[in-house]
Amino acid sequence: MRPDTATRATRASTPSPALQDRYDDVRAATMALAAPLSGEDCALQSMPDASPVKWHLAHTTWFFETFLLVPSLLAYAPFDDAFRVLFNSYYNSVGDRYPRPQRGLLSRPDLATVCAYRTHVDAAMRALLARGLATDVAELVELGVHHEQQHQELILTDVKHLLSHNPTGPVYRAGWPLSAVRPQPLAWHRYEGGVVPIGHDGNGFAFDNEGPAHRVMLAPYALASRPVTHGEFADFIADGGYKRPELWLSLGLDAVRERGWRAPLYWSREDDGRWQTFTLHGFVEIDPHAPVCHVSYFEADAFARWAGARLPTEFEWEHAARNVEVDGNFVERGALHPLACAGDATAAAAAPGQLYGDVWEWTSSSYAPYPRYAPAAGAVGEYNGKFMCGQYVLRGGSCATPRSHVRATYRNFFPPDARWQFSGIRLARDV
Amino acid sequence: MRPDTATRATRASTPSPALQDRYDDVRAATMALAAPLSGEDCALQSMPDASPVKWHLAHTTWFFETFLLVPSLLAYAPFDDAFRVLFNSYYNSVGDRYPRPQRGLLSRPDLATVCAYRTHVDAAMRALLARGLATDVAELVELGVHHEQQHQELILTDVKHLLSHNPTGPVYRAGWPLSAVRPQPLAWHRYEGGVVPIGHDGNGFAFDNEGPAHRVMLAPYALASRPVTHGEFADFIADGGYKRPELWLSLGLDAVRERGWRAPLYWSREDDGRWQTFTLHGFVEIDPHAPVCHVSYFEADAFARWAGARLPTEFEWEHAARNVEVDGNFVERGALHPLACAGDATAAAAAPGQLYGDVWEWTSSSYAPYPRYAPAAGAVGEYNGKFMCGQYVLRGGSCATPRSHVRATYRNFFPPDARWQFSGIRLARDV
Amino acid sequence: MRPDTATRATRASTPSPALQDRYDDVRAATMALAAPLSGEDCALQSMPDASPVKWHLAHTTWFFETFLLVPSLLAYAPFDDAFRVLFNSYYNSVGDRYPRPQRGLLSRPDLATVCAYRTHVDAAMRALLARGLATDVAELVELGVHHEQQHQELILTDVKHLLSHNPTGPVYRAGWPLSAVRPQPLAWHRYEGGVVPIGHDGNGFAFDNEGPAHRVMLAPYALASRPVTHGEFADFIADGGYKRPELWLSLGLDAVRERGWRAPLYWSREDDGRWQTFTLHGFVEIDPHAPVCHVSYFEADAFARWAGARLPTEFEWEHAARNVEVDGNFVERGALHPLACAGDATAAAAAPGQLYGDVWEWTSSSYAPYPRYAPAAGAVGEYNGKFMCGQYVLRGGSCATPRSHVRATYRNFFPPDARWQFSGIRLARDV
Amino acid sequence: MRPDTATRATRASTPSPALQDRYDDVRAATMALAAPLSGEDCALQSMPDASPVKWHLAHTTWFFETFLLVPSLLAYAPFDDAFRVLFNSYYNSVGDRYPRPQRGLLSRPDLATVCAYRTHVDAAMRALLARGLATDVAELVELGVHHEQQHQELILTDVKHLLSHNPTGPVYRAGWPLSAVRPQPLAWHRYEGGVVPIGHDGNGFAFDNEGPAHRVMLAPYALASRPVTHGEFADFIADGGYKRPELWLSLGLDAVRERGWRAPLYWSREDDGRWQTFTLHGFVEIDPHAPVCHVSYFEADAFARWAGARLPTEFEWEHAARNVEVDGNFVERGALHPLACAGDATAAAAAPGQLYGDVWEWTSSSYAPYPRYAPAAGAVGEYNGKFMCGQYVLRGGSCATPRSHVRATYRNFFPPDARWQFSGIRLARDV
């Protein structure tokens, strides 16, 4: 997911106590994620693609202030006028923005002030939510809640990236090892294809890039019964995977060479040849049974070629996941790392395992608008389509995603060289 | 088209005098393109994406030597062993390559030697062609001929780019003005869509990225009756097109700002505000009626948004062009610049005008493999798919393309910021 | 001053209660500088050349731990073994170093831990100082104290640079306006030159780059009676100074163009055309009477050429300052910004005004070893000379320098494009 | 020497047949250097620091046209108005310039046209020289002649750099091996120093950076009896010289690491461990007895430190060379590579050997103006001093320098990372 993306809901939701509860729950969940972190942890930025935790805390709040409170709550007084610019992500129609690569240069406002900002806005939001809201306003609240859930995942991936630079090996949450499950042999689930429905049907919340619903022609295909594991990826490395040009896309080979990639992000080889990785639980030995994560699209694609398979299209993935319950290793489980498949991963299972949670699964589909897609009017929808170039779609959510945030139609997207998300590999093949 | 792409034919062609004639014709056409150029013109490289003309002359010859003569003509003695590395483009399985950005550092072999190399290989090829060839060998000859036609276009675009840096305004071919035709008002051709056939059916030569043939679901759509003109694009500029963030993809806006784009490549504004452009006929005032060219995908996309339209998908384009005769302003016409539409461009015409020739038409389709696509075995097919990332498909050929080189299914491809090809804009819209 | 430079004293000092007091005073002064700053202020790094305040606090402590406590205090237990690498600046013989550009990625240890580190080391240092120290050990203590004073200045210049990026205009210390003194007209002090003594005579502490003492031949010259002011520099800008190639060194012109320099660092032009600047007191209107600061060598050199003068050599400066009392606007005065000359700046004065304090004065001397200079043995002297390339010498100290840190022979040095120090301009001319 | 530097003579010379002869000789010598090269060889540019040979041929001609013929020969018609911009190196007062890094993008004018340009200007110059010339005009002719000699050396160094990129190993002049002389052991020549005269005394031509003559104080010192050899430098490499931080200036170590330096420019190690180097005679095994060349200032400085010595200052060098006859391995000898010392290199010799010719000798003096230096008025002197920053002085000329071009006071200068000149090492030490 593009970190700052916030798009408009496609249909109305009714204002209700449920919405108030959901607002409160999501806002509290954000604070809980920041709880183990100091002001210094929250202020630093490790790369232009990542933002300081403090910035996430403030920007999600800015969203409610800018798009809900200022337009809809007559008596509302902004917390600090400077925040309008400081915490705007990319909304040109809202005005100027503080440069993204410099978000880590803001020691002020400090963390305590940002928390006060959250409290100030929450109080006003509660006043607003206590009213009967017009449908479009209620939709914006729901959008803001989903927007904040996106940033919850980014808080985890961004602080992981930051802490990984610290040779003292900071631990965000102590809890390793996570499980001792051994993975089942990889099996294949077959789909007949044909003309199948794709996209969100308008029943409940969805981002607008999930629609319009339409039909797509699929050839018969098969999906792997579980994601590729750390151990399987270590085999790829041991087989010279990073050194064999024939396995790589041309741009992927460029990335391997220019950046010196020899393994997924966060992996390092110990003197005895074993692989270690940095997790939110600190530096640990890799669990060979857990799904591999922190691979780029290029690495996912090369692995698939090495394995004699390919990545699925986003349509193949969605078709397979359409009737599968959204359940799995999400952020609420607390593992904060992918887990070995504990369920049935044989071909006899009703569906492939771990479609949801654990790792975002790279698809071979470049991120593009669905037929007849049109961005919504106004600031929140101003740029819905502007990121539809140079990115690939990922599906299914990860161990850092809130469970209520994901759907079968959900389209996450990142550039093919991005590795700091919990991104993994689901194999597919023609049948 | 990726400059050095050469892919394997999908089916057999019979060796025949026709193949010999075609070989001779294409090889002679290449030399004719180089005829107006000096050794110095042919040695220089203006940017890493472009190659010296001399390199094109040698590399196309290297192709026949490496893939035909060395394996298939027992008595063949290579012209110079060093050329195996010097003129390899990107075939890892053939061995080392001289670095692409340094192709302009080779003063030796000089142009005369490269011409002798061509003569040497042509003589041997004629000996080979005089035999009865096995089908797969004949296919390779045909592939080499099409490969050389690709490089014919690149000779023109690359030398144009080089000469454009020379303030003395060199003229490759004197012939301006080209025509005085006024464009007709833009009309729309409507298509009903449905499940339509896409891709090459195997009847005659095609590159392997044109297949396998398959079916795609299309919604109803309309295509513009002619390409966008220089004059229309000047209106876009005058309306602040380059300064309005809401018209641009995010990466496109980055490109505009970082590279200071204010107009298509080669345009410059004269003191009186009129637009001048550099052509193969030297510096000239823009012809407002001729199709605009040398725009990137980003500019094509932004223009379409400004015009209240969009770019077509490659499938929409192919469906419309499927039964249209391949005719138009190709390189053989000698204009070497797009020409105003001389035919019927009303909605009553049988098909949109200028689908073929004049300018390559950017589509909104990112370059990806068709379902069940698999690269051919062996060196020539080694990397058929490795460029299928980060590029967009263009269709229809240009004023620098040989007519016999193009088909309805032909897929050219370039990164979205490429501007030195004769790339233009065909609008589409939903109906 | 190269931020991390620490060089060895040239002769012995006697261990004494005076040394203990001096140690305590300097350590306390460092903490006082950090007192107005939060943990977040102290953790951030605004550019590779600057370090986080927290890093300065820790590195100066590391110096005493590494070079005094570990070798000389038998019972000493290091505070944290990881700090040996984390807070090493550039001593290869001490071992690995954490990369300088990533000093701003260390949220841990946090500020409180670093303060505890200081307390731990101070206690051990007091135990050490209470003993009778060998001469060479006492020398190292004195060196560490001077090293820490260098970093005191860097704390101010680095945090100023950081805060300048914050659009909310943080105030390090409130105290503007500073003075209302009007500058006196610039007069000239004449010197006859000849063979004059240069360099430190060994009486008291000095860095080893200040020696050996030797003799230099000087032609007659004159020095300006005071530094160039903000107002005079604004005149240079108004006269097109940044746009006139004939005023600039070739590399200086490159810097002006590539970096878009239009004024000294921290200056911005308000809508009404007046110049504002960022100070440790926040954003203020420039005081035209105060010495200009935050100019590069290139700007100092261009200004001098524009003014029909030149910069002095470091020998001319030292010869003039040799018998002048070290007094002026140093950090102890609390202004933290240069002040207009309050004393006698006429030609009748005994010496030029403001030679000490206010602003470091760029000289035309590139930083090079004095004849027969040899670096000291051991880690602290390991690399005394390795920075003697690509830098220019500055003299006299600034409003951010501790008074006891400066001498007539003191040689500060920075690359010619550095602007974030309090660097200004003293004019000279031939007579 | 900054490639395009041309500075004004310090005193008058009388117009005479001698000047005409000298003009003709130097112009013919330039053409002789280009004789072995094709138009393609002469058109290419291998890096921004180097220029195409064709550009050198044209620029030196432009100098005479611009500074002599246009102002002084009433009837003169410029050969081509476009050349005023195309072949201006860096004279802002003459007007615009074609960008230096793009000099290799000019296929036109072709080499034949540039030769015609030379002939055109030579004819006009002969007409001018046949007159009685005013002193200042005659001085300009002499300046132009010396300027052209500078570019003669650059023709050789630049074409060597270009040809070195060609894996076919082009030979500019066949003549290897050059000599079989074994070097004598290194001895030392002692100098007492004191206050010594430095700089040009005005007797004969000199560039203005060689004056004003003045006095400098020198401590006693010694100079090596011959330059460092290829063999000695190979010993430095074998002893880990490039891997030992303590030997290097900080910026030098950065250069070693960022650019992967492992040996002097043009050296490559063969499979059997022996060193090969590229010369104007093609690829050859290094001659261990010949002076090492193509080392940067950083490498020269590190070697000297490794050898327990140092580089001389330019004043020490000039003092030693002041009364030594200018003779040695200059370009006229035809070796085009440094030669082992054939003369007396013992301490008993009257002076150190090979002070002149073979290799330019890096000094530890950064390039700075002499006291009271003032640039000349007018275009040719416009920027005499603008390169006096960021460069080091080299002395004595090389195997690519015309003998009549060098003097004891001659100051060549290059940035400390430059390696493509014939730059070598003369050791010095304190006594």
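First chain written, first letter: the chains are A, B, C and D, and each begins at residue 1.
As a convention for this text, a contact is a pair of C-beta atoms (placed from the backbone, for glycine too) under 8 Å apart; a residue touches a chain by one contact, two chains touch by 3 or more.
These figures come from a predicted structure and were not determined experimentally.
Between subunit A and subunit D, the least number of touch steps comes to 2. Averaging C-alpha coordinates per chain and comparing to subunit B, the farthest chain turns out to be C. One inter-chain figure worth recording: subunit B and subunit C are separated by 59 Å, centre to centre, where each centre is the mean of the chain's CA atoms.
Averaged Cα coordinates give subunit A a centre that lies 47 Å from the centre of subunit C.
Averaged C-alpha coordinates give centres for subunit A and subunit B that are 38 Å from one another.
The set of subunit C residues that touch two or more partner chains is empty. Going by the touch rule set out above, the chain pairs that meet are A-B, A-C, B-D, C-D. The part of subunit A that touches subunit C in the complex is made up of residues 38-41, 43-44, 46, 82, 85-86, 98, 102, 104-111, 162-163, 165-168, 170. Residue ranges of subunit C in contact with subunit D, taken from their complex: 90, 92-93, 195, 214-217, 219, 245-246, 248-253, 298, 301, 364, 366, 368, 371-372, 382-383, 385-390, 416, 430.
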